[in-house]
Structure formats: structure tokens, C-alpha cells
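Take a look at the structures listed below.
Look at the two complexes coming up: subunit A is in both, with subunit B in one and subunit C in the other.
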Partner chain A sequence: MLEIVFFYIASTVALMATVMAMTRANAIHALIYLIVSLLAVAVIFFLIGAPFAAALEIVIYAGAIMVLFVFVIMMLNLGEKGDKQERQWLQPSIWAGPAILSTVLLIELVIVISQTSGPVSVTAVSAKQVGLSLFGPYVLAVEIASMLLLAGLVGSFHLGRRYLERDNLEKQGGQ
Partner chain B sequence: MSELMPVLLALTILIGGVAGAAILTWFERRLLGVWQDRYGPNRLGPFGIGQVAADMIKLLFKDDWVPPFADRLVFIFAPTAIVVAMMMGFAVVPFAPGMMIIDVNIGLLFFLGMTSLAVYSVLLGGLASNNKYALLGGLRSAAQMVSYEVFMGLSLIGVVMMTGSFSLVDIVEAQTDVWFCFSQILGLIVFIIAGIAESHRLPFDLPEAEHELTAGFHTEYGGMKFAMFMLGEYLGLMLISCMIVTLFFGGWHGPMFIGDWLPPFFWFSFKVFVVICFFVLLRAAIPRPRYDQLMSLGWKVMLPITLVNILVTGAVLLWMEGIA
Partner chain C sequence: MDGLNIPLNHILLVSSLLFSIGMLGLMIRRNIIFILMSLEVMLNAAALAFVAAGAHWGQPDGQVVFMLILTVAAAEVAVGLGLVLQVQKRFKTLDMDHANRMQG
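Showing the complex of A and B:
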């Protein structure tokens, strides 16, 4: 019973934070709301019996990816100019179309969910089970993901190396 | 009673953490004095311990000022994030058998999650100050902490592999005979270095390097908000020390040749004390590296070490399984 109450509190927080994240003009405020939304989703994961997914949601999404988002915003340092542009982009004429289309999807989703009976299973999935299924039935997906990461790694190496070489050339030219 | 235990313990940690951090500011300065052949604060009260009270009074009575050019809400929110995150991290620390707030099967991941959330404090503080030194400090800390989080997580994989669990109680129990500081020596070294970088203390305090960035991310902070940053830093130091003891030095177990005849909590707190002293010694002895040196140390030395450690640990475990 208590779990259901917690679930509804967490999902309300997640929904509200997401709406706020979409409507804020200031990028940093929007990001803080997005982080709150991710934390709320982590609580939901924990409640429906996936503590490992909950921990990873905090460590990776809230703790690493969002930090990089904040990092990029700090590098750009748009300030007031960025806020103004963001406010321009938030005109109803721009977001009305996608909003109507996603409302159709939402109605569909609600109908589908209301037809399935009974609650979601709440058997706790341990980290070991996650690992076994990752390297058992889903090993192909893991390998494909590692290839994707390798591509990213090679790409960033390439960009960084060219930069270094250019620096060295300039140094030599100076001497 | 057993249901009240976690609540009482949480209150004790809350008060003890703040008091411990306050005393640690004085203790650290005295210890630095010893190692650098000078006195440190020695005027107020016996051994200068009155300095703690004097500092607190000064910080409490300072004007709680928010710069008019700062992003007000984020500016106020930033210092609280680090204190809350670090305090939450203590929830999974096993101080003695049965003496912990909660034993979850993802304890180690919970600790990593909380330390990674503490990054926001420095980041948002630097950004909300709207000051170029603070911004540079925040930028540095973002890159530094995201990188060192990677090695911190990877350095613990060896311990998790040997235990077969993320639960911190299981990890301590697995060290009843031999501590992990012998078999996981590489993991220990990387974890200590990453721990200093995560709690951005000297020698890795580049986010607030005073000779180039005035005071880095907390340039605009004063009074109690500054004290919150300091509290967070010292709580981080204590949390990292607790985790080092739990993960590598047998937690509440006594040393193997002495045995467990002293109370477990004594062993735990004694070991944490020694580790904190070691961190202060590092601060006294090692100069601050340059920023690019710090980053290349991370990616070119620490990352390969942790990966080799994981590889060798896995191979040895499989080999031993094959023998048995």
C-alpha cells in the first residue's frame, strides 16, 4: 500500500519536473528540473523492483550525462541572449503541432495500458540477473553497443589529435 | 528498538557529521602544522580547539549576501546539494555489525550515485555566481569529476568481483580473513587518487586553485553558504575514508594478527581516523599538479591500471574456480 503511495508521489514529481524542464527559458533551470525528473524515475525503478536500474539511472543519467550537459552550457555561456531566443522558440505556433500529435499517442497509450489487467510484476531483479541476461540472451546488443562506443572513441581521438598536431605546427612556425 | 535504530543512527550521523567536519577543520590545520614544522591554530583553548567555535561564530554572523548579478535561486541551492548528497552517502556505510542505516544490495552503487550528484554543487555554484573565475572553477571541476568518477567506479569492480555482491556488508564479511588491500592493491591506489579528486581536496583542488582562480567556484560565496561548501568537502573526505576502510581495509574487522577482541566500532573508527590523517599528509606533502597533468594522469595512467586490474582479477578468479 505504502509503495503505491510512493509510486504516485514519485510519478507526480517526475511529470511536473518534466513539464517544468520543457517550459523553462533558462537552460540551467530547465536542466535542474530534468535532473529532478531523472531522480524521480530512479525512485520509480526502485519501487517496481529494479534497484540496479535505479542506481544506474542516478550514476549514469543524473550523475554523468547531465553533468556533461551542464558542462556544455557553461562553455557556451549564453546568458540573457540565450534566454531571449529560448522564449521566442516557446511560441504556441511552434510547439502546438508536435503537442497535438503526441497527445494522440498519449490517448492511445492510456487505452492500451487500461486494457492490461493486474499490476506490474514486483519481483526484485538483482544485479547478478541483469548481468547474466546481458551476457546471455542479449550479448549481441552489448557487442553492438560496444562497437558504437568504439566509433565515438575513435571520432573523439581523431578530433583531439588534429588539434594537437596543429598546435605543434604553430609552435614550430614560431621558432 | 531495532526499528528505531536506523532513525537514531541517522540523527547521530547528521549531528556527528557536522560536528566531525567542524573539528576536522581545526585538526587538519594542526596536523598540517606538525608536518610543515609550524604551529597552526594554537591560541584559543587547550591545543587551540576553541578555534572551531571562533570560526563558527564568525561564519554564522556574517552577512548572508547574494550578489545582485547572480542567478539567485541556483546560487542558494548549490551549496545544499553537496551536503545533502554526502549525508545520503553515509546511509549505506556499515560502521559495525548491525550498525548501519540500511543494507541494500546496491549499496556500492548508491554511494557512487551520491558522490556523482555532489558534482552539481560545484558546477551550479560556479555557474550561478556569474563570475569568470567561478565559471572556470566550475568548468574544471566538471571535467575533473566526470573523468575521475569513471576510474572510481572501475577501481571498485575488482572488489565486487571478489565478493560477488554490491552489498557493503557482504564486502566486509568477505574480508574476514584477508583484507582486499593486498589482492586489490591497484584498485586501492586508484580509488584513493580518485577519491581525492572527487572530493576536490589538495593536491587535486584545481576547481578552487587560489593562485590562478582567486577561490574558484566559491569566489562569490560567503558566510553560511561558504560554510556549507566547506562542510560538504569535509563530509566528502570522511565518506571517502569510510569507504576506503570498508572496501579495502576490512571495515569493522581487526587486523588479522591481533584479532577481533576490541569492539568492531573501535576498529572502524580507528581505521577511518588513520585514513583521514593520511589524506592530510598527502595535502601537506604533494604539490598541486597542472590541470592538463591531472587529466592526462587520469586517462593515460589510471584508466589502463584499472582495466588491467579488472582483467587480472577476473582471470585469477576463473583460474581458482577451475582448480576448486
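Showing the complex of A and C:
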């Protein structure tokens, strides 16, 4: 019984935090709300019997990926000017059309989902089962994922290195 | 800890609501950082649907796909934020409408 109450509380927190994150003008404020939303989703994972997924959600999503965002926002140093521009872009005339369209899609999704039924399973899926599955039938997917991460590493290094080099060149040119 | 009897369609409802909010954010924002954040929200909603389906059948496959989605999200955000730095450097703004031409 308690699990069900916690599930609804966590879902409400996740939805409200996501709405707040999408409507903030300041990037750091939006990021903090997004972290709250991810933590609430981790609670949902834990309640539906996926403790390993909950731990990964906190460590990688709320930890590593959000820290990347924080570093980039700090490097860009937008300040008050950026906030003002964001508020100017967030007028009702801009968001009314997309809001209607995504509400239509949401209604379709809800109608389709309401035809499924049944509770989630009683037993939790342990990390051991996930590991056995990852390195059993899904081992090719793990290899491809490692290739994808390598490509992401090389790509972001390439983009970031050119950013730093051009900075240095401009400094030398100015002297 | 055990999902005693949370209805599956309620979890899927939360997932689709999160996905719609993320899509709305993607459409109304012009700042490239907020667009990347909306993409994260949408990927997270899809991952929630996978884990819920895996829990419904009591199989680990849902969590395996969750880990693959996590990998895609990490790689995407690393490259995306590198592009953010380049856009800021070249156009002195984060408005996506300024970066709509190749060889800008």
C-alpha cells in the first residue's frame, strides 16, 4: 500500500519539477529542477522493482550528465543578459501553438495506454540478472555501446579542442 | 521495494506525460542548452517506459535497454555541449535560429 502512495507522490514531484525546468528563464535554475525530476524518476524505478536502474539514474543522469551541463553553463557565463533574452522568447504567442500540438499527441498516447492493464511484477529484478543478461544475449549491444561512447569521446574532444585553440590564436593576434 | 500492485498503465501515463512536457520544451525553446535539456527529459521518459515494461514481465531486458539509452544520452550530451561551445564562439549567441546555415 505504502509503495503505491509513494509512487503517486514521486510521479507528481517528477511532473511538476519537469514543468518548472521547462519554463525557467535562468539555465541553472532549470538545471536544479531537472535534477529533482531525475531523482523522482529514480524513486519510481526503485518502487517498481528496478534498484540497479535507480542507482544508475542517480549516478549517471543526475550526477555525470548534469555536471556536464553545469560546466558548460559556467564556461558560457550568460548572466542577466541571457535571462532577459529568455524571458523575451517565452511569450504565450510563441508557446501556444506547440502546447496545443503536444497536448493532442498526449491525448492520443493516453487513449492508447488506457487499453493496457495489469500491475507490475511483484519480484524485483536484481542487478545480477541484469548483468547476466547484458553479457549473455546482449553482449553485441554492449560492444556497440562502447563504440558509441568512443565516438562521442572523440567527437566532443575534437569540438572542444578547436574551441580552445581558436581562443589562443585570437589572444595572440590581439597582442 | 517490491512493486506490489502499481498499475502498469499509470506508470506509462507518467512516462507519456514526461515525454509530452519534454517535447513541448523542445518546441518552445530557442536556447540550445534548453533544447538539450528537453532531449534529456524525452530520453528519460522513454527509459521509464522500458523499465516499467521490464518490471511488468519480471524480465531484466527493460533495464538492459535502460542502460543502452543511458549510453546514448551520455554520448549525445557530450557532443551536443561541444557544439554549444562552438555556436557560442561563432555567433556570440545561443539562439538556434542563428545557426541554421551550413558553413555559417
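Criterion: the second predicted complex is superposed on the first by the 153 of 175 C-alpha atoms of A that agree within 3 Å, B and C clash if a C-alpha of one lies under 4 Å from a C-alpha of the other, contacts with A are read in each partner's own complex, and residues count from 1 in each chain.
Methods note: a residue touches a chain if its C-beta (ideal position, glycine included) is under 8 Å from a C-beta of that chain, and two chains touch if they have at least 3 such contacts.
Keep in mind that what you see is a predicted model, and the values were worked out from it rather than measured.
> Identify which of subunit B and subunit C touches the larger number of residues of subunit A.
C
> Applying the touch criterion given at the start, work out whether A:I9 contacts subunit B, subunit C, both or neither, answering first, second, both or neither.
Neither partner.
> Quick check for you: in the superposed arrangement, does A:T116 touch first (subunit B), second (subunit C), both or neither?
second
> Just checking: does A:V139 make contact with subunit B only, subunit C only, both, or neither of them? Give me first, second, both or neither.
Neither: A:V139 stays clear of subunit B and subunit C.
> Kindly classify A:F69 by the partners it touches after superposition: subunit B alone (first), subunit C alone (second), both, or neither?
Second partner only.
> Of the two partner chains, subunit B (first) and subunit C (second), which one does A:I28 touch, if any: first, second, both, or neither?
first
> Give one of first, second, both or neither to describe whether A:F52 is in contact with subunit B, with subunit C, with both, or with none.
Touch status of A:F52: both partners.
> Identify the residues of subunit A that lie in both the subunit B contact region and the subunit C contact region.
After superposing on chain A, subunit A residues 51-52, 56, 64, 68, 73, 75 contact both subunit B and subunit C.
> What does subunit A use to touch subunit C in their complex?
That would be residues 1, 3-4, 7, 11, 14-15, 18-19, 21-22, 27, 30-31, 34, 37-38, 41, 44-53, 56, 60-61, 64-65, 68-69, 72-73, 75-76, 78, 82, 85-86, 89-90, 94-95, 98-99, 101-103, 105-106, 109-110, 113-114, 116-125, 129-130, 132-134, 138, 141, 145, 148-149, 151-153, 155-156, 158-160, 162-163, 166-167 of subunit A.
> Show me the residue ranges of subunit C that touch subunit A in the complex, using the header's touch definition.
Interface residues on subunit C, with respect to subunit A: 1-14, 16-25, 27-31, 33-34, 36-38, 40-41, 44, 47-48, 51-52, 54-64, 66-68, 70-79, 81-86, 88-89, 94-95.
> Note which residues of subunit A are touching subunit B in the complex, please.
Against subunit B, subunit A makes touches at 26, 28-29, 32, 35, 51-52, 54-56, 58-59, 62-64, 67-68, 70-71, 73-75, 77, 126-128.
> If you look only at subunit B, which of its residues touch subunit A in the complex?
71, 73-74, 77, 104-106, 109-110, 112-114, 116-117, 119-120, 123-124, 126-128, 135, 138-139, 142-143, 145-146, 149, 153, 164, 166
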